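A, B and C are the chain letters, set down in written order, and residue numbers restart from 1 in every chain.
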Amino acid sequence: MHAFVNYTLDGLSVGMVYAAVALSLVLIWRSTRILNFAGGAMAMLTTYIGLSLIDRGANYWVAFFGALIAGLVLGAVVERVFVRPVENKPPINAVIVTLGLFTLIEALAGMIWGNSKSRSFPAHFSGNGYRVGTTRVAFAPFDTFIVVAVALTMVALLGLFQYTSLGLKMRAAAFEPVVARLQGIRVSRMLTLGWALAAAAGSLAGVLVAPRILPLSPNYMDDVLVYGFSAAVLGGLDSPVGALIGGLVLGLTREYVGGYVSSTYEIEGALVLLIAVLMVRPQGLFNRIAPRRV
Amino acid sequence: MATTPAAPESARTTGPVTDADGPPPSAPSGRARSAWERLPVVARTAIFALAFAVIGILIANGISRYRDFQLAEIAAYLVAVAGLTVLTGLNGQISLGHGALMAVGAYCAAVLLLHAHLPLVVVLLLSALAGGVAGVLVGAVAARLRGPYLAGATLALAVGLPEIPKNYKYFGRDEGLTINPPLPPGWLGTNAPIERWGAYICIIGAAVTLFLLANLSRGRVGRNFRAVRDDEIAASLAGISVPRTQILAFTVSAACAGLAGGLLALVTPTVGPGGFSLALSIQLLVAIVIGGMGNLPGAVLGSIVLVYLPSWATSISNGVGLSKQIGANLALAIFGGMLIVVMLAFPGGIAAAVRRTWWALTSRRRPATTIPAGP
Amino acid sequence: MLEISGVSASYGPVQALRDVTVQVPDGSVTAVLGANGAGKTTLLKTITGLLKPQAGTVVFDGHDLTSMKVEDIVRLGVAHVPEGRGVINELTVDDNLRLGAIWRRDTADRKTALGEMYDLFPPLAQRRRRSAFTLSGGERQMLVLGRALMSRPKALLLDEPSLGLAPIVTAQMMALLRDLSAEQGLTVLLVEQNAKSALSIATTGVVLSLGQVVTTKAAAELAADADLRHHYLGF
């Protein structure tokens, strides 16, 4: 019973990180119909930028927000420079470009910061589990921070999209770009903004997961991306709610499989779940938009 | 009614117009066909394959042992790249998981070599078969998926499959399985290096694969592949079973990947999870992008780049005096950069761009197209 | 004044418009008529910048629209209700309407305009929080018309607004357009296959066939010309 509680708590915490990655992918998918395979690498890059700030004496919060801002900038730049040319081409072009970015960014990070230097990202909050009675549970102040940060971000983005004019413009640009242009909306700017926000969400995931990865290396986000991607697909790529639920489901699955079966099968468990869901519902769980047939 | 320009969810990742669609329409069509053109396709491809094998073997005889090893690698990867280019270029399905399918063939061959005494040909055929069986399974799942969901499922395969051998002693866990490479047969001479024999095997394997794929591509199956790629609905209305075609394409390409894995197992000392990571799947993609998707000759170019670039990059960086840190990552950075640049500048692949330039330059000297007089 | 002069436009190898010249005086209702594929939709797309012409110019109020971007043309006061209406199904009625004026900075006036649209179209007011895809054909037409009017345009381009609507609804809509044009001085360019309805409110009729202007006449004359009507307009 104790183990179950711990697995569940761990699963929720890591699930929120996956949800952030999934949200990042969903935002980009909704606005540009592109799967950003470079999402993990971009998050990694901004986390390393945050780490560089710490090396120069900055405190955790400067590095934290520095990474998020770097994410905003990186997302905008990537959209403008690399993605814009393939936005209206066959989907395979965008797949290849984002895979190329993924490879390139990780290689560049390796060149700048090294592949195996022993570094770690600090955590501002304690990683020791809360005391409940006489035992410690597997949920620490840092986990609280993770859950709160991701939840706040999601609420903020929800508020932006549902309740502001800017959000309305972005939604219109995503759903019907031509119609949106006819309403005077500068659709290409909305797409850039969408990528910027999505990349910032990815950066959030990157800094939240980094303190627990020891040592940090340029490919630390690879697994996280696979989980986050699975979460997004599971939830249905058009659904931000699906991203949240998908993230939590995948986080829990990973912990249960890791705990009850074997830690070496963690990722297999997640992937089997993904394939199983896709076989039954090829459009994901929460997609109201069924795959268009005919 | 939607005025969205986005492709519908049910559309495959149809690629740009590929070289598999044939040469540009300025090819002469009115004059009498030459002797070459009157040969049946089977004969023409057989001659090409034979020429390929002969040239390859001649090259293998004239180079150092290390170069023989690289030649063997190129030929082995060529088998996988050729299969993948058929899947993506002809049939329009994207797979990020072919590295994992190569692992299936490689481990199959390794296990057979270690625990059974079978002729090499049988081992290789079984590797191809293992890949093919995996391909049927993956293809059955893939046939239900479209676009990003397909990419994602194959990504899952690429990441998840190589982890499995890590759990079993039988498969060598993290270190993998070590095999003794096959010894050259007596008739090759007493001094024949092992690497040369390895190169021969791989070159012949590649020649046979190219022959089979070329015929497949020009036959009815190839036409079905392209029909499904271009318009699933039209193809199914024409009586083509779309799921079966897609599964077949996956199976064929997976069998190629399995064979390639088996060939690699013969020439490299170890078969381990590290050699079949996601990076390999991405590198296979690099090869087909450079060569032009659907373009078999382009697959040769892609495979050469794939094998040469890493060693070339490391030697350049050492020569220029860059740090080890940079040198180790340079090849990957170039691969990533190539994917981006080629896709942005040459959506049909470098080989296609070169071809089009060639046709454009030579079209002035070609006889004018005469329109055939009647049915 | 909206002046289309010598415009030629194509979709790849298909020439959709050939040397088309149309003059739309301020405050008038001009009907653009013709069969399917005549180029009517293409003409509207060329005016609002969705399609760039190979030749010719489009001038509105002294501004050269020919090389301008869609978003900028809209901000000059040209509203375009496209083919198929362009309702964004995933958004609510309220959101769809608000989109019409979203580029305008005057937030107070945006609110006022929204109120005016709900007054003009009571069925929309009743459904303001509902998802747009629940609306009927007639309600969807009201929605996109309201959305177009939100930006207080000077010129209104409509592409087959009567499509799929019952005759009585069409008649009401046409009457509304005529009244708006008369009361607010709105310039209306109306593309229609339902030539009879369109001509009933138009001052001028332009007939297109195979991308070319066949004739430009006063609406009453067009309606009276039986030969022309049978040949090009289907009635």
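One rule holds for everything that comes next: a residue touches a chain if its C-beta (ideal position, glycine included) is under 8 Å from a C-beta of that chain, and two chains touch if they have at least 3 such contacts.
On a predicted model such as this, the values are computed, not experimentally measured, just so you know.
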Which of A-C and A-B has more C-beta contact pairs: A-B
Central chain of the complex, centres being mean CA coordinates: A
Gap in Å, rounded to a whole number, between the CA centres of subunit C and subunit B: 53
For subunit A paired with subunit B, centre-to-centre distance based on mean C-alpha positions, whole Å: 32
Centroid distance [mean C-alpha coordinates] between subunit C and subunit A, Å: 43
Where subunit A touches two or more other chains at once, by residue number: 175-176, 178-179
Subunit B residues counted as touching two or more neighbouring chains: 2-3
Junction residues of subunit C, two or more chains touched: 82, 86
Of all residues in subunit C, those that touch subunit A in their complex: 48, 50, 70-71, 74-75, 79-80, 82, 86, 88-91, 95, 98-100, 102-103, 147, 151
Residues of subunit A that touch subunit C when the two form their complex: 165, 168-169, 171-172, 175-176, 178-187
Of subunit A, residues touching subunit B in the complex: 29, 33, 35, 37, 82, 85-86, 88-93, 95-97, 99-108, 110-111, 114-115, 175-179, 222-223, 226, 229-230, 233, 237, 262, 264-265, 267-268, 271, 274-275, 278-279, 282-284, 289, 291-294
Residues of subunit B touching subunit A in the complex: 2-11, 13-16, 88, 92, 94, 96, 141, 144-149, 151-153, 155-157, 159-160, 163-164, 166-167, 233, 278-279, 282, 285, 289, 293, 325-326, 328-330, 332-333, 335-340, 343-344, 347
